[in-house]
Amino acid sequence: MQGLLSVRGLEKHFGGLAAVQKVDLDLQEGVTTALVGPNGAGKTTLFNLITGNIVPDSGTVTVAGAAVTGRRPHEIARLGVARSFQDLRLFGRMTVRDNVLAAIEHGAWFWQPGGGAARRAREAAVESALERTGLSHLAKARAVDLSYAETKFLSVARILATGARIWLLDEPASGLDLNSRNRFVALVREAVAAGVTVCLIEHNLDIVTELADRIAFLDRGAKLAEGEPAAILRDPELIAIYFGERRP
Amino acid sequence: MLILQLLVSGIQTGAIYALTAAGFALIFGATRIFHVAHGATFALAGYAFVGLVNGGFGWPLACLGALVLAVAFGLAMDRFVYRPIQRHEGSFFTVFVAAFGVTIMVQSLIEIGFGRSFAAVSTPLTRAHQLLPGLYVAEVFWVAVAAALVLFAAVTLFLERTRLGIGLRALSENPELLRAYGLSARRLSMIAFGLGSALAVPGAVLTAITTGLQPSISAQVMLVSLAASVVGGIGSLRGAALAGLLLGVVENLVVSVLDTQWSSAAGFVVLFAFILFRPSGLFGRAVAR
Amino acid sequence: MLTRRQTLAAAMAAPVAVPLAAPRLARAQQGQPYVVGTLFPMAGPNAEYGGVFTAGVQMALDHIAADRMLGRPVELRAQDSQGTPQGGATGMTKLASVDRANYVLVGFTGVSKAAAPIAARAKVPMVNGGGVGPDLAGLSPYFWNVIPLVNLEVRALLPWLGRSGLKKIALIYVDDPFGNAILAELRRGLPEVGASLVGTFSVPPGSQQFAAVAAKVRDAGADAVYFASYGAQQSQIIKQLRDNGVSQQLLTYSGATLASVAALPEAEGLVFTRQAADWSSDDPVTKRFVTDWRAKHGGDPGSYHQNYYNGTRLFALLAQGLEKQNRPVDGDGLRAELLRVREFAFVGGKASFDDQGCVTMPIEVNKLQGGQYVRLS
Amino acid sequence: MIAYLLNLATLATVFGILAASLNLLIGYAGIFSMAHAVFFGLGAYAGAQIAMLLVPDVLLACLAAAAVAGLLSLCLALPALRVRGEYFVVASLGLQMVAITVFSEAHAVTGGHGGLVGIPPATLFGLNIGDPGAFLLVCLAVLALVLLGIRVLMRGSFGRSLMAIRDSESAAKAFGKDVPRIKTLAVGLGCALAGVAGALFAFYMAFVNVESFTLEQSVLVMAMVIIGGTATLAGPLIGVLLLLLLPAGLSFLTFIPPTEIGAVQQFIYGLAMTLLMIFRPAGIAGLSTGRR
């Protein structure tokens, strides 16, 4: 069954190296999928191909039935695909509030369309996103001055405010302390309950089991397996690959 | 015959550009530092040579003095300007502006010390003789070409055959390899700056005896080095050297069809075209965008 | 933050204000002196010229004071033009409205062109003794030249060219008003003496690479090469032409009367024009200038010294005339007096001004032999 | 004295506009242009030609200058879209060098090295504002408008978009920003404002030639912005005041021979650039880069 976001036969080579080869992936609506695999398996590259940051050599990407392959990143984003980055890529010298506000202003002219009503709606979305991520008291702080956990939540707040239906999260919980980690898991669950389709890259298998409904296992650019978390995580071959005990 | 003559002077100019740009590319390739003060190194070396020759020292001693000053300046830039900036994670533009500031300082110091006029050393080496009817070549042409070939071969050998050289090439891309080889990144970056700066010296000396130096030469050399390393593919030694040669030849050949004023502009048009249509340069890897 | 910024700005501004206010207070008292301003490059790449020009002005002022030529003392005010148009406009504004100069001496074509409109608005006569660009003629009614402009020099060279049998001339010129004027003048004049331009090569002002130009000059098959440049670039042109196999006769104008050119072995045989300088003349004005110059500076004066001496002397002569007629010494008065008298006793002989305020002086052709200038005509 | 101060104030105002417009590129958009003098020059030539051929109306000349500089800013926007970082700086340096040659060769439009002479005194709606005081007021009004405009734009969504692109271009794209269009607009706006400064400069000097639009001028303006502090409203103005008053201040240090003042001045601003980058990269008025 074709998912809300669907990838067919996606391929990308860098020089002689196959970063992603013939990957099929479907993100079903309301289902949380985790991409799992060792370093260099091509997980982030797959995100980059989906969001249009990299143009694939072959294959297609469709969002809600519409082909988006070859379209520019901002166009794909406007279809309701939001992503986070492993290295966060916050707007460092801007305030927390402006970071979130900038993420939902798409007008490329000197002003935004929609007038006062649209502006108030954006401001409300920002306030709500900050509140849910617990950053309201830091609204006027600059992103570079935040603590590590706060920057992680800011990157989620940016996505939250966009109201996107599809979230692509690249190692969103890495390095979080226990308390923050639990808050993060709750936040994602809340979003899923509200109808968001999530795909996350995660190395922490605890988080994967807590959040994911399905797991797609990638290695050396290829999808080796996909299925229920319990099934995948019990497969000794995959686990051996995951922990780097590659067989000859 | 005009074309041939222009080609000869283009190769002579290009050989000087190639060596200087190779030094710049060596430093950039190893340390990822955009060493725009490389032009200042060139100017300092050239003026040191002129000052020492005019001060009655012989040529070998003057060349040695130029070499010492160039290397010392390169190392000082690394130690006192770039390293402190990198310590607080300055952006590339911070590095650029700081190095530009030093270039301006060096230029004004040269103006105070040597005046704003041309400075040159006169030698019969630059007097051309008729090689073929209508084709005049001076000894300095052969000196420039030989210096460029020998030094370039030596540097290539060093980079490919020696432990230090391989370490230099790995410095920016594969720091883990350094540990395996037991090399220190700090020492390698010093070697890159020392060697890269030394490569500016022959060009500086040759310029001092052919066209003469002026204080603003540091800006000109900086522009040519930047242009050559972009056209050649940033960080590629071979590319920078070839592009330097190319720029020298283009500057001279264009004179056969256009007025002389367009000669340096022609080089920059080539640069501009490369940036627009082939930003990775002649030998560059794809530009990280 | 704000207070610190303000203090900083105030601290920078304060020292500017005080000394500039002082002269105005002094002048408010009796015995108001005439103010002669200079707008020369005193800093930057052409600062050497500023020193040379000022020396000529200073000697003239000494003589004017010693002779009590004027009823009021003359004061010198210098502004730095930096040799650039921008510096010229800024400096002229200061001379006109702060120093209230009665008369301004200037050099350099670019500076003159930028400053002349400002001087014209304030009706302050400006006198050029250094720039030779022909478009300095008639720049404004208040802009005069005490140096023969370069078109006159080219005209003076033509007869010699006709006699020398050099038929095919190549021209290397700096691409600015000065260089283009020489191009136009040669194009017009050469056919009159049976010669022609076989190649013209323009170079940018700061350029120092002439190997390619030399190749093209050789390719043009000329009998002689005329080059029109100034400052240190001239030495580079001469050296690189000779280095790159151009053995033809080299020709140029008075810009080559620099010590650095004379000292260049490659410049041997160079033929050039310059203002006639007969320092052994019996003419009293010239004799006094030369004698005093040798006593003060221990050497012969140059053309620039002579011109700026004359430029300053011109002011004294004009003001003296106006004082005698009991008319005010202002821009209009000085201009009227210049056009009334026309002929003046200058260093170097009698000089006459045309309607545009340009001087005509005798010009001679010289050749550089063994580092010495040898007169050819 | 008053005339002298007026003169200095007018120059500072014009350079204030120029520095503010470069700050738009360097500070807010993260586009490190070393070719700003080119657009200053384009505006100056356009303004001067309008004044000499049509009417010397400041408003008309400024509009024409902004249009010409804004349109030709595509020469800068093109490489800005293709490459970033060091590559773009090199591209802008290349553009500066080519433009200088074009300026000195296009005699019909620019007068070459001889420049354009005799630009008539400025008028505004038929009123003569050639008087230094009146002209300063006009320049101050333009500066105030420019600063106000930049402040409003930078506090609004356009400013947020620009700064977002500056801080992380890929994240800005991922959040739906049309990066090429926003960058092109920013470059166009910055260059158009530089053109306005150029037109005012042409009226003020009554003479323009290529010497005012060289690489040195680009570097000077860049130094003003950097030393004052990027991405702040006041920073560029502080930089302008410091660097314009520096020569005046130096002339009171009598131990410096007058012929060396130019070199000493250059040395000081080179030193200031280097030391600031090492110890306070955000400039005098800038904020620190954070505790990261």
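Labels A, B, C and D are assigned to the chains in the order they are written; within every chain, residues are numbered from 1.
Quick note on the criterion: a contact is a pair of C-beta atoms (placed from the backbone, for glycine too) under 8 Å apart; a residue touches a chain by one contact, two chains touch by 3 or more.
These numbers were taken from a predicted model, which means no experiment stands behind them.
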Smallest number of contact steps required from chain A to reach chain B: 2
Remotest chain, chain C as reference, centres from CA atoms: A
Centroid distance [mean C-alpha coordinates] between chain C and chain A, Å: 73
Gap in Å, rounded to a whole number, between the CA centres of chain D and chain C: 34
Distance between chain centroids, defined by C-alpha means - chain B, chain C (Å): 39
Overlap residues in chain A, where contacts from two or more other chains coincide: none
Junction residues of chain C, two or more chains touched: 44, 47, 175, 204
Touching two or more other chains - residues of chain D: 101, 104-105, 260, 262-263, 289, 292
Chain-chain contacts as defined at top: A-D, B-C, B-D, C-D
Sites on chain B touched by chain C in the complex: 1-2, 5-6, 9-10, 12-13, 111, 116-118, 120, 122, 126-128, 130, 134, 136, 138, 210-212, 214, 216, 251-252, 255-256, 259-261, 263
Chain D partner contacts - residues on chain B that touch it in the complex: 34, 81, 84-85, 88-105, 107-109, 111-112, 219, 223, 226-227, 230, 234, 259, 261-262, 264-265, 268-269, 271-272, 275-276, 279, 287, 289
Chain C contact footprint on chain D (complex, rising order): 1-5, 7-8, 11, 101, 104-105, 112-115, 117-119, 121, 132, 205-209, 211-212, 234, 238, 241-242, 245, 248-249, 252, 258-263, 285
Residues on chain A engaged by chain D in the complex (per definition of touch): 51, 53, 72-74, 77-78, 82-83, 85, 89-94, 98-99, 101-112, 142-145, 158, 162
Residues on chain D engaged by chain A in the complex (per definition of touch): 153, 156-158, 160-161, 163-164, 166-168, 170-179, 181-182, 185, 231, 287, 289-292
